[in-house]
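Okay, got some structures for you below.
After this come two complexes, each holding chain A, first together with chain B and then together with chain C.
Up next, the complex of A and B:
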């Protein structure tokens, strides 16, 4: 019996081990290391063990401090004094039993451990510093107010100022004396509803006016920042992708002849890679949209680029949600809808009171997927706008990528990623809780 | 149209009402078809302009091409090293998908059939990864892969298998639970080992889920961008596409031709398999 038990255990291990080993190496280990790195200032450039030491430093600070001679000998195997005799260099190739081989990860870790015991480490543990910095020093991350000055000291005085700029951005910031001075120079033109610069101002007056305008004419603008854009993108994407998906599903859920062809058409963008989708649309935005809308710049404008990203994202994703809603609609018993029809329920009433409540399970799934996918969306934004212009379309995910690979702040980037992970868990967890409760209520 | 003739509550003539309804349906159909054409417009635009010259595109992007010249395609094909990257992507996708299916179906089978507490804990451990964004493991994963010398097309295969298996295990797990145990038990009594039991009895029963998992993973790996971008820059189809458009951003004709080239394998796959793909995806979403 015990023999049988052992063979069962053996087979269990045989079946599970391949998946578990790979999963452990390429997911669990990096994930745990990621959490560790998020508490350090690792920059990814400095190697984990120093490549070389000054001779004096190595002999005094490392070998001198090591009590254990085994450890010192171990280090001497890998750090070899070079020909000039000034520097100890790490040899990554060592000779063992007559054969050359590269030093292993295990040996690297041992060296790291020994060096750490004498206080030498390229990675510093900095506690929660990374997490604090995300909110404290990262100016791009959180939404913030920015003051935009509307007049430059060195440019000519504007020949006219609009009523909005005058009354909202200039007058409230002036003292009474300055106000009467400005109002004597800029005269209100009733017909054009504009303030016009009076002719014949003296040089001194012009100079004073220029100073006042450059210092006092400003507007506080809210910069959405990375969090603001991510929230905007997520909310718009969730609403519009679900809405369009649902509308398409309802439209296709009849016995129309073109049903399958149309379904395939609407689903097609979903099988394309996001890179192809982004580039196709970038040409649409550059070649077609200017003629269609009269606005020349879409992807280069901080106001319109976020909208463009949402348009493309909804276009790409809605087919997917349509398919899920269609599958949900097909589970609705046809006689239920017909019974409502016989009872005289209008199209809208049938939709509102019969179909939508029964679609709730599909809705739960779609909401979960849209939320998670929008928060994780990378490829599309990266290829479409690269996070620009400025950082108008930088989502958290793009920001993490930039932190890690453009600024080499690996520890900091990983801290942000851990934060994102918590956000995703919280948001989707809350959503599942709420919609599941609603499902049970019905 | 229903067979029974009946009076509607408002007292209208039912025949007339059915007629208006049919007209409304036809109008709705036309409207929807029209919308589908607009919907696919970016695709048409790309296809249309891939045959033209750059000046023609800049003059009028909507004009039909005057001739069907494939010079743009020839140039994009050569510059992208299309056959090489296509082969790379094909090898990577097929090997990874096969690996995911084999490894996950085995693991899921053991996790269902051996009803120990360990099985449940391991199942939770696997499913946990589905909420973790890739960015959280991106940096250490790259460092590990570099240390292990996995920065090559074949080296990415185990990484894809590892990252793809949680979802696949989840789906296989759900399906295997509904497969009755009796056949396996009687096979075991006849002296079949659990390995043989799995490969000869259980695996053939899993075909529908294998199809779904295969479709989801093929589309995912084929279209994936960030992981290969970090590990093997420029060597898969999507990366070659990204680099190509980066270089020829202003040369619309070449960029459009390259987009058509990149999109064509997956579009062909879709055209032949659309029923399976759509069913597989909706099954995957509902069970995932």
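Up next, the complex of A and C:
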């Protein structure tokens, strides 16, 4: 009995404690620090403790204010007057017992603490400002309306204009005189239902027409923004990756030939490095897709790039979900399916009423994984389009990365990251709650 | 047997550790961080030549081509700054100097050896924080053979450029090889046109901008600025939105396009694709007054030293900067790296024609400074580059592009 008790204590010390310690240092601590940073205006460049002080400032504002001489002496050890005598510099390398060493984190924290006690800190606390700004001043986070001009002044005049463009995007923006001029140049073709450019226009007329078209032919369009794109990407990815995974699993669960080879084939994209996948597909989109679809520009077009990203993501992910669904299918007792068959159930009825309900646990997992993965997708999009063209494929995580590293707003980016974390927790929590309830109902 | 193997292995590893420790003791190891991806192997030559002269200093190279600033910031924040840092001129140098990360080089003798006009790009609050290394230009690199074949002359005004493009288009040659898929090149284009149109007003405008009293639209005629972008788009390959650096170089080097608006650094890439290429280099004309047509040229890269290095390493790093001004180093810089040096009296006669063109414009003073390098980093990296790309892809209006630039600029100076 005692032996068992001791072994339990031993297990606790040997396994649970280290695990908790690791969890604390690598998850809880950064998370708490992240929450702290999200309330500050840290820009990511300013060092934690100032690397140098002007002489007067240091002697007056720091040493002068410090009551405790120990603290002042401690600071003097690290801040040394440089050769010209005008500036106190932080010596990050100090000599100790004849060897040079870098100052430790502990010493840094002590310096930071002392400086803070006299009111010097490089990072300012700004409360909920960051979180408010996400919704108030960020011009590309939320969906918004933007105006798009349809004609480039230096391009040739379009030989025809569609009825919709003409009647919705051009005519309402024209004065009466301009309207009659445009209508005299573009003649309505009843048969094809488009406006055709009249032949034999003079150079002056062409120029005037070009000016009118470039200035007045526009439409207001909803730009999805970062949130819109992430939502689009998530919805498409969840639907298509699961659907394709399920279809592949059903197909490969039958007794067709070469099924093992096929299973490996469909799983293979998941083994490849994402960078390789991105390079491969950028070639495919440039060289093969234009021939297949007749559309020349994929990754460079703001309208089609999001679709392209979804295609690659689904292609890459569906093999993985196929494996999970396959495992689920193989746990279904064969006798149930056979009993249904004996009862005269058709293939569809067997699928709908026997197999799919029993697949619900696999479905729960797959849905959870696809949701979480697409909400925090970064690497694939980054390698494929870099978030471009413009911001057309910028997911929330790429946006966070841009805020932090391109725009020097670490505090703001951290606030967004916390927000994303909450969104992911809420969405996946809701999904788990709903699907689990469904599972219990069965 | 197994135990014996393990023991020997341990011994060997231990020995290696001791030996490694000893040799590390004797040598000074420096870290050099750089972003210029076109000179990766050449940098190795340069540091090897240095180590041959100073055998007790070893320089290990680290190349981070894209987003080097992002990597650098995290390295600095982690207390792990490289000893020698290649930085872009102006804003990047200023940013790190302001935060106190860079060593003050004002008193170093090597700073006296560079052309004084280049020191602007590294001077922050009266002190110099980096050594200017190369001058680069952004303009039109044109294919001389194609120009001769179709009987067109290098344009000096915007009207001439329009007629050159019309002629080329009529002959079935794409006027410009462009890359709209990646945002940096179009960002350069927007800033270049903006600077040329602003002319004399540029520096007063920048000052006002940094006080929060101006808008990006102020020094220029917005309509004219964006109509030049329209012009550029209309004379580019219809597939430009799908093209990046490689496709641009291929289109230009292969003779499918007669010009490209690029920095001179891309000449090397085009030349290596097609060694027979015969090129010239001219400014991009934006107005009909030939006097306004100036080359967009300035200091490109600089070397800065980390203020947080140990004293010993800082000394060794300064020695390296000193050595860069020696004829031996300049020779590698010019002949192998193919970069125009900033040192006084450097010999550049061996360089190709486009570089000679650049030096000609530099010497005659017909240049505009790189305004984009003076914008706050976030304004350039984010608002300008993306704004230009979004405009060209029909995603944003001129007003929206300018509003976003102004907004980011305000946010930056408020910090």
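Couple of notes before you dig in:
Keep in mind that, in the parts below, the second predicted complex is superposed on the first by the 349 of 442 C-alpha atoms of A that agree within 3 Å, B and C clash if a C-alpha of one lies under 4 Å from a C-alpha of the other, contacts with A are read in each partner's own complex, and residues count from 1 in each chain.
One rule holds in what follows: a contact is a pair of C-beta atoms (placed from the backbone, for glycine too) under 8 Å apart; a residue touches a chain by one contact, two chains touch by 3 or more.
Predicted model, so just to flag it, every value in this text is computed and none were measured.
In the superposition on chain A, A:369 makes contact with chain B only, while chain C stays out of contact range. When the two structures are aligned on the shared chain, A:203 is found in touch with neither chain B nor chain C.
More residues of chain A are touched by B (comparison of chain B with chain C).
Within the superposed three-chain model, A:153 lies in touch with chain C and out of touch with chain B [touch as defined at top]. Shared-chain residue A:413: touches chain B; no touch with chain C. Of the two partner chains placed by superposition, A:440 touches none, neither chain B nor chain C. Of the two partner chains placed by superposition, only chain B is touched by A:378; chain C is not.
In the superposed model, A:292 makes contact with neither chain B nor chain C.
Residues 44, 404-405 of chain A are contacted both by chain B in one complex and by chain C in the other.
Interface of chain A with chain C (complex): residues 41, 43-47, 50-52, 89, 92-93, 100, 102, 108, 137, 139, 146-150, 152-155, 214, 223, 285-286, 296-302, 386, 388-392, 402, 404-409. Note for the complex: chain B touches chain A at residues 9, 25, 28-29, 32-33, 36, 39-43, 45-46, 49, 57, 61-62, 102-104, 106-107, 109-111, 114, 116, 118-119, 122, 125-126, 129, 131-141, 143-145, 147-148, 158-159, 161-163, 165-166, 169, 193-195, 198, 219, 222-223, 225-226, 230, 237-238, 241-242, 245, 252, 255-256, 259, 262-263, 266-267, 269-270, 274, 277-278, 281-282, 285-286. Only residues 8, 11-12, 14-16, 18-20, 22-23, 25-31, 33-34, 37, 44, 105, 251-252, 254, 256-258, 262-268, 270-277, 279-281, 283-284, 287-288, 315, 320, 323-324, 326-327, 344, 362, 365, 369, 372, 375-376, 378-379, 382-383, 397, 400-401, 404-405, 410, 413-414, 416-418, 420-421, 424-425, 428 of chain A touch chain B when the two sit together in their complex. Considering their complex, residues 67, 69-70, 73-74, 76-77, 79, 95-96, 99-101, 180-183, 227, 230-231, 233-235, 238-243, 307-312, 377-378, 381-382, 386, 389-390, 393-397, 400, 403-404, 407-408, 412, 415 of chain C touch chain A.
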